[in-house]
Each structure stands twice: as C-alpha cells, then as structure tokens.
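Below: one structure, written as structure tokens.
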Amino acid sequence: MHFFSDNATPLCPPVMAAIAAADREDHGYDGDQWSARLDAAFGDLFETPVSALWVATGTAANSIALACLCPPYGGIVCHEEAHIVVDECGAPGFFTHGASLMPLPGEGAKLTPDVVAERLAAIRPDVHQVPARAISITNATEYGRVYTPDEVAALGEIARTHGLGFHMDGARFANAVAFLGCAPADVTWRAGVDALSFGCVKNGGMVGEALLFFGPERERRAAEAMRWRKRSGHLFSKGRYLAAQILAMVEDGLWLANASAANAAAQALAEATTGRLLHPVEANELFLRLSAPEAAALRAQEFDFYDWGAGAARIVTNWSQDADSVAPLADALRRLDHG
Amino acid sequence: MHFFSDNATPLCPPVMAAIAAADREDHGYDGDQWSARLDAAFGDLFETPVSALWVATGTAANSIALACLCPPYGGIVCHEEAHIVVDECGAPGFFTHGASLMPLPGEGAKLTPDVVAERLAAIRPDVHQVPARAISITNATEYGRVYTPDEVAALGEIARTHGLGFHMDGARFANAVAFLGCAPADVTWRAGVDALSFGCVKNGGMVGEALLFFGPERERRAAEAMRWRKRSGHLFSKGRYLAAQILAMVEDGLWLANASAANAAAQALAEATTGRLLHPVEANELFLRLSAPEAAALRAQEFDFYDWGAGAARIVTNWSQDADSVAPLADALRRLDHG
Amino acid sequence: MHFFSDNATPLCPPVMAAIAAADREDHGYDGDQWSARLDAAFGDLFETPVSALWVATGTAANSIALACLCPPYGGIVCHEEAHIVVDECGAPGFFTHGASLMPLPGEGAKLTPDVVAERLAAIRPDVHQVPARAISITNATEYGRVYTPDEVAALGEIARTHGLGFHMDGARFANAVAFLGCAPADVTWRAGVDALSFGCVKNGGMVGEALLFFGPERERRAAEAMRWRKRSGHLFSKGRYLAAQILAMVEDGLWLANASAANAAAQALAEATTGRLLHPVEANELFLRLSAPEAAALRAQEFDFYDWGAGAARIVTNWSQDADSVAPLADALRRLDHG
Amino acid sequence: MHFFSDNATPLCPPVMAAIAAADREDHGYDGDQWSARLDAAFGDLFETPVSALWVATGTAANSIALACLCPPYGGIVCHEEAHIVVDECGAPGFFTHGASLMPLPGEGAKLTPDVVAERLAAIRPDVHQVPARAISITNATEYGRVYTPDEVAALGEIARTHGLGFHMDGARFANAVAFLGCAPADVTWRAGVDALSFGCVKNGGMVGEALLFFGPERERRAAEAMRWRKRSGHLFSKGRYLAAQILAMVEDGLWLANASAANAAAQALAEATTGRLLHPVEANELFLRLSAPEAAALRAQEFDFYDWGAGAARIVTNWSQDADSVAPLADALRRLDHG
C-alpha cells in the first residue's frame, strides 16, 4: 500500500467521468461552457462573488496570485518551509519579476501574528529596503497543520492594516476545511484572504487547479491574472477538460468528501502511533519518528512512504483511502510499539 | 459542421484510452514510467538521440525552447505573423526575461534566407544593439504553408554560420510532415533545428505538447528546460497523464495518421474552391476570399468558421475529418461559384 | 574639428563650476540640498507641478519611465528607428520585464497619428495579443526632426482616448525647444505627455539626466520610479553631484542657450550644403549625402564625423560651437559643390 | 564633525583633478583613452590579467556581477545582513531575473565555511529546489569586520568544489586591504574570488565603481557584463569621467592611502571607547553602545552620526580624516566613560 504522496493516486471516478463528458466539440481556450460556470460554482461554494481561473498546477496558481498581489520590488511574507520557498524552484521570483520572499519561522509551518508583525516593524520605510506587499500562508500547511478562521483572521488584520495582499496556498484546502468543519468562506475571504489557490489534483483530479480572487478588487486582479496565465503558457487550448474536472469537484461536494476520507485515514493512523508523531495530525499527512529498521520492517510489509530526514518518515493518505482501508498500516504501526 | 479550429475538437480515442491506461498509482511529476519512455520514443521517431519534455501548451514549449536558446539581451529572428509574435501575449519576452523579437516579412508567414541574412547583416556588432541569438520558424506556418527540408536547411545554415540557436514551432508539425512525406529528421535536426515544439493537442490530444532538443547540446539544454518548466509552473504533479497521451500519439504513428486525415480534408475543400484561395493549401488550413453574404450562406447551412478580416475566412480541418466527411462543405463551396 | 557626437564634448563651464560648488559634505543618495531643489526648478521651467528624479543616463531615464507607464504584458508604440528600439540593447525589455516594443515607420523618425491609430486598431482585445499601454516618441528625433506642439498633442489625444501612457525621450529636448521657440510646457504636458526624459549630458553635462513626471499621477509614478532607480543601481551615493549639474542647466536657462548655439551651428552647415541633406535640419544633427572621396577630402582637412551607411554621413554639432566656429566646415562643404 | 557615512564626504583632490584632466573631447561611452587603461591598471594592482568595467554604483556592480555568476533559477549564498540582502531594494533579483538570495547568519556579518557547507548540503538535487550557484561575501563587512585571505580561501574552496561562482562586495575593499596589509591578490583571486566590486565612491570618488573579473572565464563574463551594463542604463555616454576617477584611485596608490587614513581614524576612536564596542574595529566603522543621553551629549558637541537601533550608534570615518583630526571625538568618547 502506497503512502508516498497524494500526487501518486489515480483520478477519482467522477473526475474521469467529467473528462469524458467534456469530450466533445466546443470553443477553445476558456471560451467553453464549462469554464463559463466556474465563477458561479465557486461563488456558491464561498457565498460571495468569486473570480475563478483554472491553471495547470499549484505552483502556477500560487505564483500568478502573488504576481497580482506584489510588485517586482516588493516582498512576500511567508513561512520558511512554505512550498513557495522550498519546492517551486523560485517560481514566485519568476512570475513576480524578482519580488523577495521574506521567510519566517513558526511551529508546524504556521505563521503567527507576532512574528509577522515583528518582521514588518523591522523594515525601514525608505527605497533601500524591500517593502512587504503580501502575506502568503498555506492551509493545510506543509506539515499537515490547519489554520483556524481566527488564526487566519489575525493575519488578515495585519495584512489589512499594512496594506498587504493576502494569499492562501490551498493545495490541501479541502483537507483543512474537512478538519475545521467550517464554511469555506470563514477561513478565506471573511478572514481577509484576497486570493486562494484551490487544490484539486492532490484531491483526486488529473490536471488543473483553481485560482480564486475575492473582494472588491477581484475582477481587476483576475483580469491581470488572465494575462499572466496566457503569458506563462497556462491558457490551455482545450481548457474545457480542466474546467470540467474542477466543476466535478466543487459542484456536488466531491472535494470535501474526498478530503474527509483522506483525513479519516490519517486519523486512524495517528491513533495507532500517537507516541511517534512529530506534529499533530489535522489533515492527511503524518510525520513520525521512525528508525531505519522500523522503516525497513514496514516496507517489508509493502507499505511505501518517504523518509523525512534521518529517523523520521512522512506518510500521506489520499481520497481513495479511509479508516478501514488503512487498517493494515495502523496495525503494523501498533506492532512496532507493542510488537 | 465546425471548422473553427483544430483546438475545438474532441480527443481521438487512442488518446482517451491512453489516459485511462495511465490512471493508476505511480510516482508524481515526471518520475513515472510513461515520462521515462519519452526520450526513446522520440529518438526512434527522429532517428537520433532526443531529449524530450512534456509541457502544458505550445506557448510554453515555444517559450521554454527560446529561453534555452537566447539570452535576455539577445534577439530572436522570426516572422512578423508568427504565433510567438502575435498570439502569445508576449510569452517569449516573459520566459527569456526580455529578449527582443525581430519580426520579418515573408509570403505565407515563411522566412526566406535572403531576408534573414539581410536583417542579420544590419546589426552593428556593439553593445548598443541587440545581437541576434536565435531563429524561430513555424512549420506548418500560421497560413498553413510548409517549409521543405531544403528551405529549413538553408535557414539552418545561416543559424550555424552566425552561431544562432534554431527553433521550430511545430504546433502543426504533423501536418507539415504528412504533406512532405519526408522523415521527421529531414525537416528538423538534419536541417539544423536545435529545438522543436512538437504539437499534440491540435492533432487529437487533450493537454500536453512535447518539447524536443536535438544535437550535442540537447542534454544541457533539456536540463535547463526542466528548470524553466518547474519555475513556470509546468511540472504537473501527475505528469503521467501527459506522457501517456504523447506516447499514444508517437509510438504507433497516430500523429501522422491524424494529420494525414486533416490534410486530406483540407485538400478536398481546396479543390472545391481553388479560385478563392489566398494561400496554397498544404496542411489543414484554408484561407479564402469570402464575401459577407457568402459567409452567411455557408453558416445558414451550419458550417461554422472564423472570418479572417473583411471578405475573407479561415477554415481549419482536423483529425476527425477526411475528404468524405467534409464533402458537404466542399459541395457548398462549389455551389458558391457555380451555384 | 570633431562632429562625431554631442557625447564627445567637454563639460560646459557652469556645469563644472556647479560640481565644484557641490563638493562639500552633505547627506548621501538623494537626501542632499541640491536634489531637494529639483522638483521646484522643473516646476518653474514647465509651469506646473513636476516630480523629478536624476538618473545616470538617457537609457535609464527612458526605461524607468516606460516601466512606470507599461506593465510587463503591455506594448509600447514607438518609431522603428527610435533609440529605445535600436540603441539600448533591449533596456526597455529589461526594465519593463518583457513589455513588447511596437515599432512603426514614419519619415524622419517621427510617428504620425494615422499610423499609430491604425496599429492600435489592429490589436484584438483578447488575452492572446499584447495590448498597447504606452506611446514613446523622441523629440528632437534620431534624425534631428522636431515635433511641434500640435503634432505632439495629436498623439497625446490618441494616448488619452486609448488609455495609454505617453513618454517623450528628450535626449535632445533642449534642441527641440530651441528650434520651436515655444514654452517647454506646450510641447510636453499641455500636449498630453506624462513622462519626459530631459537630457543634460549631450547638452554640456557630465553625468546625469532628469526624469520628469507631469500630471495627476506624477507622484505615484515618481514614487515607483524611485524604486526602479534604486533597484537598477541608479541611486548614486553622492547624488548631489548629479543634481547640481542638472540645476546648473535649468535654473538659469543654460540648457536653452547651449542648445541654441548647437542649433545655430547646424543651421550654418545646413545652409552650406542644402542640396545634400537627407532630412531637414531642425536641431543639431545633419544627415547628408557624401561620397567616399568627399568624406575623405573632409577628413583630410581634419573634420571628423561618422559615416551613415554608404554614401552618407552624420554631422552633429554641440553646445561649444556656433555659426562662426563651424564656418571652416561650412566652407569646406561649399567647396565640395562649387569647388 | 560628521560621522554619518563615507558617502557624505567631498571628493579627494586628486579625483577632482582627474575629472578636470578628462574634461576634453574624446570618444563616447567606453571608447575613450581612460577607459582603455582600466584592464591594465587593475592587472598591475592585482598581479594577474583583469577584465574591468566602470559602473555607476556599488549596487550595480554587485548585481551585474551576480547576473554573470548565477542563472535566474539559481541561488546566491550570502550573509543575512549583507548589503545585497537588506539595502538594495531587491536589485540582485532584478538583475538576475529572479535568482534567490540564500541568507545565512554569522558573527559580524561574516560567513563561515561550516554554515555555508551545511546550507549547501541541505539542498536536494532535484528541480523542485533552487540550486546554489554563487556565494557573495562583503569585505570589509557591513559591520566593519575583515575576512583574512585564509577565511576567503576557505569559502573559495567550497565554491570551487560545488561549482559556484564567488563574488566579493568590496564597497570598502580598500579598508579591508589596508587593515590586512596583504596583496590585493591574496584576498581575492588567489583565494578563489571570480568577481570583485571594487569601491571608489566611499573612498573619495564622486561617481563610478569598478567591477572586476578574474580567472579563465573573465573575458566571457566581462563581455556579458558589458551587455548588462548597457541594458541597465549604466553605459554612460561620457564614461571617461568615471574611468579617470578610478584610474586616479588605483594608479598611484591613492585608494590605499585614503583607506589607511580612514582606518587610522577609526582605530583612534576605538581605543577611546573599547568598552562600548559591539564589534571589533578593523576597517572604518564603529558600532558602539550609546545611551540616548550620551548620544545627545555628543551631538550637542556637534558630532553627528546615526543611531543603530536603541542604545547603540554607528560612527563611520572617511578618507579626509586621520587619528589627529578625530581626536576631539575620541576625547568626547573618553569623557563619556571617565567624565
């Protein structure tokens, strides 16, 4: 059984069905009937007007969002272990034309208001220093931690008072909402988020993430984002196949059902190995202490996963699993401790 | 019957079958078994070692190729009606960090050696002027014209003697080869081409084009291209679905069969309307004189297509058609003249 | 006697005196007393509030202006022989992060409203094409031609109606105003110009040109320009020496006196060789038909100048000359025709 | 007496004399006789072939050097308090087209081999992470500390083994060499440095710093740097005035004499206030604990300087001072402790 990554899984059947249903003649690029439904579909989901675009990947969604929120001479406050910092080969610098990332520490890859406020206070208001122009957070974080609506709102308030754009990398947004049980609106625009990278691929999709803009500037920013999308080679000539996947995710609640299944699987594993956890398990990722012999023992039982440095491992669950289906690994983990 | 664009068509069945076959667990990004087969598949097709990458779109393929061939302070010699000039919202300038396009005239959107040589000779060898560093041509061109191996080789020789990289935009490369009946190698690397954007989507694919590098520098350039692919958000987390589509195209000759069908459809229409043609029909596009009433008459018979300025129209055929299936439009065109 | 370029001349004495006068302790960068006077000095000269910055060169002034007027995905309408197109090694593309130059033809390197309007009308309003966002003209032009206030205003009206920024490269602005005898305001902001590169170095300065912003957005744009100036390494640590030179030029009318002298010298030469002129002589440059033997004959008399292609030459006069001082060349030119 | 910055001082007389001596007709840009002497002058000083360019500022020198050493997708290892990180408004990101700075801690703004090696070891060799491609250090550092030849060589060895370019920001290089008493070569190319920003303005110049390339790739890199210089608007049309200043500095040892005077002044002050020093004084900067009342007391005696956060101050000496001339401040500092 594989726990490498939620990138490694097949498509969930409704997504494949949506692709097949979109497989007929229609206008190219984003001129098709599916793309035309995106704004309304996300507007319903978020209970507010939304400007939505499909793009190829989460890296593209994050980078285009940041290019719309931060000028080339600006800075983007973010966590030092954020995906935009460590796993995108400098894509934000490419799309923003050289804006500076301003990485900060924080437990579980979460930013805290105090650390952000202190960083902002340290910037001299002259032309020699890079002015902060945006904040970017990841929810759920790279360590599977979840920001609550109040935690997001506290950062949103700092963004508002400092005139910064506020972006959320939601590659695993569904897992965060599934954990919180809140309205998607509560942890995004109601908390001050201007732009959201809404992940679909890790949650059962094939290709295509959604970039969402909220608030009064959403249309101006989306119009600019459409320029960046074309300019960066992300305006697919048969965009309907992306739009159809995204609609399949959001129009019937599939996004949340899939994430809930993955989270449940993660919780089942967490309960089996509480003593080893390096971070509380809130979404669909577990980080746990695991010695080399223990890792080898699990792999001998055909459980695959990535090491996470020496003596630790990362286990990622996905939409195709649930508490029952991961029981074999849960049992194997228990045996490590109570063999 | 629609003749808007070869972007508007459904997928050809083998491509959809390949997507379904790839729908199982495998490593993410380009670590899967399908992506691993690309170099060999294109190596067989082109009879030479090839370094191949999948990217999202033709715009991305063209731009990444140019970023690997031309420095930011360099210039790219191209046709003034090339896709990179008029239909990519400045994407080459984005990926190359500001390289200058050097547009030149030429019948049927084809560059000729004389015009290119004259342009190159006019550049002063000082730091004040932008030095040409690459040539980019489109085959088949934006007007459906095809460069022969000799015509490409003549430009390739100029590129070689001036130390310029040589790129071919092959969004409709299959249509060009189908018309020429030559080996793919003859009209590319044997003629001096360093990088080829190998189109799949217009030819029956869903998403994903191939970027190919030939020659002694191919591995260095491909390694750099992989950085640009990631950096521009084109490294899909489930790349196997793109690789599988591309392999379905090239491993069994589907790419050429599809293009031959589209070309045959275009020839059938061309024969029906020779007197109106603005350009010789060599690939799968027709540009013809058509008055507003004539266009209206055809549309009244449910033939759809784009106007091409006043008094002209563009008709594009595709993989799903052939001479027989477009007979109704052929007849309708004949009736316009011999009503 | 040298007629290579107005770049080759020494400083005019008041500029050297101003440098010496600024040679004392003061705050660094642009925090000094001379830099603080720039806005007011240009405000007086242009009869309107002005936001002024010193930068190193005309290329920097032009590029920073364009970066403030045009987004990376926009286009800049300009003449195909403009300095920004042919003599800045792509600097506008560097500062604008890849904006596209949209070169147009026109006699004497002058843009005409019809040609500009036609180019703008040809741009499709979709994301595939680069939208024009700015117009840039050079006054006096690269061929020493001068735009009148009415000619500038006609282009300014097009800029206004299309929402384009309007930039003027004034490397030889003083020569243009000296020829026109109008108020500087008439040929700039009153005619719709948003940003002016005000040249000093060709007119007797050592280092430092002024970048001026007019109109309601001047402060926002200047604030952004200050970011670009720092970011591009143009915020000198001893900026007072640049500011002092510029003030010496504009506070006492030196800029106009110098240009008038250069223009008078050019007129004296023009009268001596009317039959050979390739362009009317309006500023301080002459372009004339001159055979190789004739050029050799002049050089044998120690008159230096650059060839301008085969059978032609460019002669540039400067602030240190006047009608009398160039009489020897005038006589030599007459002798060519009436030997 | 002012101790704000070595940017605030007048020119040293030989530099002003050199400007006057260059004030005659010569070819423009870098085609003059002074610019032609730069390579040889620095070749003599560094005992090795050197390719030298003048640029406007230290920010430009640093950024152009980094653009020649690091690709847009690369990373630059540097100190978290380096000028390129905190005082250039992101200029390195602008010139490198988005390369990532990789800031590291270190006492006195000095990088240590261990910290650098650890950072490099943490980078995964895949396309998701930014690969380090350059190291940049400042000598003397932003805290007036000096790297010894051995310390530079240890970092140079890391650069060599990892295939990284090695840049030294020498805004106060003269002060470092004056402190070390070594050959300039020992602390640069002999220690593995590829590119040096050789500062002149803080050391008595008006405008113009030198960018030097050493080693087998120097000519290729300098040729590229000349493109960046033009492209960034730093190719002055009367470059001879910059070249003449730089030659005045280096051809007769003025650079070292000026720095020695500034260092001696700093030492005299250091001896007067050893108990307050936050960093050892090695070059021409002192950072000392100073309460608000103490700072006020010194300012009341007309000693000016910048606060350095709460309870501290920065005092900078310059070429126009020496131990005797700063005695009044030395006495005043002593009185603070032994009033």
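For clarity, chains are labelled A, B, C and D in written order, and residue numbers in each chain start from 1.
FYI, a residue touches a chain if its C-beta (ideal position, glycine included) is under 8 Å from a C-beta of that chain, and two chains touch if they have at least 3 such contacts.
Note that the structure is predicted; figures quoted are calculated from it, not measured.
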Exercise. Among the other chains, which touch subunit B and subunit D together?
Worked result: A, C
For this session: Could you compare the number of C-beta pairs in contact for A-C with that for A-D and name the larger?
Result: A-D
Problem set entry | Farthest-lying chain, centroid of Cα atoms versus that of subunit D | B
For this session: Can you check how far apart subunit A and subunit D are, centre to centre, with Cα atoms defining each centre and the answer in Å?
Result: 42
Exercise. Taking each chain's centre as the mean position of its Cα atoms, how many Å separate subunit A from subunit B?
Worked result: 34
Exercise. How many Å are there between the centre of subunit A and the centre of subunit C, using C-alpha atoms for each centre?
Worked result: 50
Exercise. When you check subunit B against every other chain, which residues touch at least two of them?
Worked result: 72-73, 88-90, 94, 97, 127-128, 227, 230-231, 235
For this session: Could you draw the chains as nodes, link the ones that touch, and say if you get a line, ring, star, complete or other?
Result: complete
For this session: Spell out the part of subunit C that touches subunit A in their complex, as residue ranges.
Result: 71-73, 97, 127-128, 224, 226-231, 235
Problem set entry | List of subunit C residues in touch with subunit D within their complex | 2, 4-5, 7-11, 16, 19-20, 23-29, 55-61, 63-64, 88-91, 94-95, 201-202, 206-207, 227, 230-238, 241-242
Problem set entry | Interface residues, subunit D side, partner subunit A - complex | 72-73, 75, 86-90, 93-94, 96-101, 127-130
